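The next part holds the structures, each set out as structure tokens.
Two complexes, one shared chain (chain A), two partners (chain B, chain C).
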Partner chain A sequence: MRTGHYKETYGELIALSDSNVVWSWVAALGVFVVILPFLVGNYTLSLAISILIAIVGAIGLNLLTGTTGLISIGQSGFLAIGAYANALLATDYGWPVWASLPAAGIVAGAISLLVGIPSLRLKGLYLAITTLAFSFIVNYVILYAEPITHGPNGIFLNDTKVFGLDLSTDRGLYYFVLGVTVLVTLASLNILRSRIGRAWLAIRDHDIAARVMGIDLVRYKLLAFAVSSFFVGIAGGLMSLQIRFINIDVFGFLLSIEALAIIILGGFGSIAGTIMGAVFLTLLPEAIRISLGLFVDPGSSAYTKYVYEIRGIAYGIVIVVFLRFKPDGLIGLWRDVRKYFANWPLAY
Partner chain B sequence: MKQTLRMTLLALGAALVLPGMAAAEPGVTDTEIRIGDVNIMTGPASFIGQAVAVGSKVAAAEINAAGGINGRKIVIKTEDDGYVPSRSFQALKKLLEVDDIFALNGTSGTANVLAMMPLITKANLPTVVTTAPNELVYTPVRPSVFTIGASYEASFYAQLKYIHENLAPKGAVYGLIRQDDDFGVAVENGYARAIKEFGLKDGIRLRYKKGQADFAAEAVQMKAAGVQVLANGAIIAQAANVLKETRKLGMDLQVADVWSEIMPPSAKLLVPAGYSYLIGDYISSMSDPAAVKFMAKAKPYMTDADVAAVNRYTFITYAGLKVLAKAMEACGKDLTRACTVDNLRKIKNFDTEGLTAPVSFDNERQLGGTAIKVYQINLADQTFKTLTDYKEY
Partner chain C sequence: MEYFLFLVSSGLVMGATYGLVGMGFAIIYKATGIVNFAQGELLMLTAYIAFSIATSLSLSLIPLMIITIPIAMVIGIVLERVFIRPMLGEPLFSIVMVTIGLAVILRGVTIMIWGPDPHEFPTGLSSEVVHIGPVPFYQVQLYGLGTLAVLTAAAWAFFRFTRLGIAMRAVAANEGAAMLMGIEVSRIHMIAWAFAAAVAALAGILFASMFKLGPTIWFEGLRSFPAVILGGLDSVLGAALGGLIVGLIENLAQGYLGQGLREIAGFVVIVVILMLRPYGLFGAREIERV
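Moving on, here comes the complex of A and B:
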């Protein structure tokens, strides 16, 4: 059991972890995710890809909402911007993926300033409604700017390769998305432990006090919008690479709610919690399907008649019950488990 | 000696490889063929998916009762996509990778089938699209995708033609209200075609956002434009709300509607407005003799809940699986996707027992059953009177 940490250099202070045990587990996780395609079939791999894309998008939202305290329910709009930017650059202008994907993030980040600037004085529900309105505006623009966006017809993406990986195969796409997810996770972990991250936390905790302490609210709030939307735009671009067809129907309002649910379930402000929340929420429908199949006779008429409604209701109930008994989210649960075993066999 | 050794090794290699090749066709065993459905089983549009599921179930049951397809029984595997395209993609992924389907019959909405298209194309999956006959689905044509159904453009053109020739006063003003998506574009194309061909007065064209519920402003605009014939491109509850608002303003209209309003739940919503609206559909109505015959034949295979769920989507999915079965049967015991696709291309004048016009896929777009009947609702009993027989528009 560790009792204290004595750090002698600044590098040690800002290291992601000073524990060899933690790094060992991270290495084990790294090995697992690298060999995963050789252990599972294509369907499980496509679920893994969906999880990774959800992680990227939710990390983006977490930086804005969990860390800076700016509520946003317009994530579907930024996802759409990123997806359309990536698809248009790749199909209409022939950009390679290694260029179109970051460009998608940059476009989403730049457009986020259109929301950020008018929203500087807004908080809470008012900001939430503003971001929601923005997502509706994005839908309209995509539908009506047909010469640029193909309007309601949508865009098909061609098969493509990047860094030797064939993105039309599950394995190739998985490794590419995994690489992007690792980069996004490391970037956000490092942003959070920098002065920018500390400024965001200060704004979340008390924006007036932060201002009094000399934190430029305009600059840091706009930065939060831009960085968050950059990551969400990347997630949108990855979605377009996975599905390979996008139109406005793919980016419904429900995506914004699911993104919020991920960061709430995972634990506000925590990157690890966001990752856990993304895994939990993406796999929950599958877990419910498998559980129902184990305990209910799939051949019974009640099952075939009501199975889809049961799954939908079970999905909602699990989330509500979890939040009722563990409002800190999955990261809170993890911390409790870790503390329990750290203190075991003592209670505290 | 060397020659013998070489021949032995070749024979061993063939013995290892060939059985694997013979068993490689997904979704087919000695006793069954697995057919996939990606349906809207939950959410506001679940009445479509429930009806599709009944159509597949009845067709499969009939085929199996007659001995199956060359001795193999059809097994239907259904996944729900909730009308969300990204879920359609995952649903088909599961059907392909986990449930190991041979072909696809139910395909949900237009955006949903387009989201599945890369997977369909990659797997050369024989697919019959019956619930989303949008031009985007068959243009460009995908080798293994076969579509049954007329376009919304043709449906509205047919209705407006009938109204112009039989119902509307001379010099009547026409108006359009449509959704702002690909479906709405198709509706407007049909309207524009009629306006141009018959030299009609184009009073107003309105667009609304999907999900909009209040059409009071749109009704006022239509009244101000003097609209006497309305191409109502709204659907179900929205279509009812449009007509409710125009009735409030005392507008006396001839109405052309989307074929979804032929379904009993939709008709129930629209009837209170008091308009004897028209429908142009490539599928028979519930009052049609073909539908009555279907219900009698299908009764042994349906529960009470199934009977209540039956609507036009049941008929067209039933027809779709029957066409697919015919193509599979022609392959004999050696059933493969490639053979099924080849046989689907040869389908000509397939008789769907009056549920649609005879279906032929032997054309460039692999598109069949495009002929349309025009119906008019009888407000008293909410049945539909046939005004014209199946005709190409």
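Moving on, here comes the complex of A and C:
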């Protein structure tokens, strides 16, 4: 009698999922996200777009921080690079969006190598501080390189279209962002099950040991930076398409903290966790707004005046509480629940 | 020449606040091995508390500092107990992330209590200019430089001569061995947070009285990173000196190279230092074994 779930070939081991149940749930989710624009209003749809963009950006950060163990607290810098690259190429140089968006990713990926090179010598906290410094330098360069970036004036993005899809309508943008998100998710899942992904995990667990095992640290660390920042740059580009007017104030320090909160909430190194984290964290300010609306008038000055602070406090509490009580994040919670029911009535 | 002297003097004054904040970072890093990203918010909270005390009691600078320090130490102890102590034994990364979470919480709470508008900080000092040699200083700026000098000397003596200071150095060098020698490591961590909060309070009061007390004062914490990195994360005296140097570099860059460079010159210094000499000027070089 078979007493467990065995994987007997290498193909089975690296398959994305071998469970029909999982595949049918994924299919159900696919159908749901495709018909979503016909079910909900514009406000909910724009929230959904924010969630999808957050997924793309957080997957990028999770590849770097969760999978490779290189801590970055300067994600707002890469997002800003992506957003500005996309917006500038699309408006000043007249590139079509299908070309400017990947270009935004490539620009962010290329610039990330500048941070990646010190990372070869630095670890942990020192690297974190370098990325922080980098994000401030990026903001400064964007603000003062006015001839190229429009400096403090910001950029308007109007009438963006891609493959006949009108991106200035919520519905058109939603389908475009959905397509990008699916591509990014599949790409990162595939990277993670290849040699590259396993090399990154080895570097996270112990980089010197990984090097002894024959992993070229220079190559794989730089690759982690480039791939991660490529995705983050694309997320930045998508942000510029959604908000249609970008200036440097959008890319503050809180954005980097939001990105960290997403991967902490979701669970390090897990793509499914990242998606859950992005959904919950993007909806969190909404949930706060609605629940506060039960007690005070939502239009009241006290709420609108401190909306930014309330959001910050919520992110902070999420970070502190999850690290303290559930360091595996939501994906760990989900695994526990699943295990509980699979093994019931035994503990394990 | 006059322009140069002006840049140097204001750079040193600015650098003194960086040095004070940086000492706070270094104290916590030395004793506990974590970088406290909430140091700037600690500064913010204590500066606002000092502001409330100063306006209600109309105290001048020195008595205000003396009253605020114990309050700040209590706050430091409470924060360590509530947020950091339960994380003992977790990976370093998680603890540092908790300080980032703590930072945004403190920032939000402080702004919600005292409101988003900047305040003029009452110092009770005259705005007369004092000349030291050819260089003009405001009185409060001299207080800033003086505080840094006194604290640096005190920190040096503390870590060199007192039982507690030596115990802290022992914990920094090797926590396990320190524990075996009968040092209560958790108490040392608590004391480090108390000291860091006290230093943050001094830095906050001085910074607020030199400039303004506003909701962006927390940024002073991040602005002080270059000072600690330059001095070496685990060197308290290095942080003080690093602060002065970074203040100078920032001001000279602003004065001679270009507008706005003051904001980021320090961060460029971080990147350069970390590439050339990651352990800073005075930090201990780590040797890693597999």
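Here, the second predicted complex is superposed on the first by the 297 of 348 C-alpha atoms of A that agree within 3 Å, B and C clash if a C-alpha of one lies under 4 Å from a C-alpha of the other, contacts with A are read in each partner's own complex, and residues count from 1 in each chain.
Please note the rule applied: contacts are C-beta pairs under 8 Å (C-beta built on N, C-alpha and C of every residue); 3 or more make two chains touch, one makes a residue touch a chain.
Remember, it's a predicted structure, so these values are computed and weren't measured experimentally.
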Touch check for A:Glu309: first (chain B), second (chain C), both, or neither?
both
Most chain A residues touched (candidates chain B, chain C):
C
Which partner does A:Gly252 reach: the first (chain B), the second (chain C), both, or neither?
first
Let me test your reading of the model: by the given contact rule, A:Ile243 touches which partner, first (chain B), second (chain C), both or neither?
first
First (chain B), second (chain C), both or neither: which does A:Asn153 touch?
first
Is A:Gly41 touching anything from chain B or chain C once the two structures are fitted on A? First, second, both or neither.
first
Classify the contacts of A:Asn20 with the two partner chains as first (chain B alone), second (chain C alone), both, or neither.
neither
After lining up the shared chain so the two structures overlap, which partner does A:Leu143 touch, if you call chain B first and chain C second: first, second, both or neither?
both
By the touch definition at the top of the document, which applies to A:Thr9: first (chain B), second (chain C), both, or neither?
neither
Between chain B and chain C, whom does A:Leu122 touch in the aligned arrangement: first, second, both, or neither?
second
So which positions on chain A get touched by both chain B and chain C?
140, 143-144, 254, 305, 309, 312
Give every residue of chain B touching chain A within the complex, in rising order.
41-42, 46, 80, 84-86, 89-90, 93-94, 96-98, 109, 111, 114-115, 117-118, 122, 136, 180-185, 209, 303, 305
Taking the touch rule as given, give the residues of chain A at its contact with chain B in the complex, in rising order.
41-43, 46-47, 50, 139-140, 143-144, 151-154, 156, 168, 239, 242-245, 247-250, 252, 254, 301, 305, 308-309, 311-312
The residues of chain A that touch chain C in their complex are 71, 73, 117-118, 121-122, 124-126, 128-130, 132-134, 136-137, 140, 143-144, 206, 208-209, 212, 253-254, 257, 260-261, 264, 305-306, 309-310, 312-313, 315-320, 323-324, 327
Please give the residue numbers of chain C that touch chain A in the complex, ascending.
34-35, 83, 86-87, 90, 92-94, 96-98, 100-105, 107-109, 111-112, 116, 222, 225-226, 229, 233, 258-260, 263-264, 267-268, 270-271, 274-275, 278, 288, 290
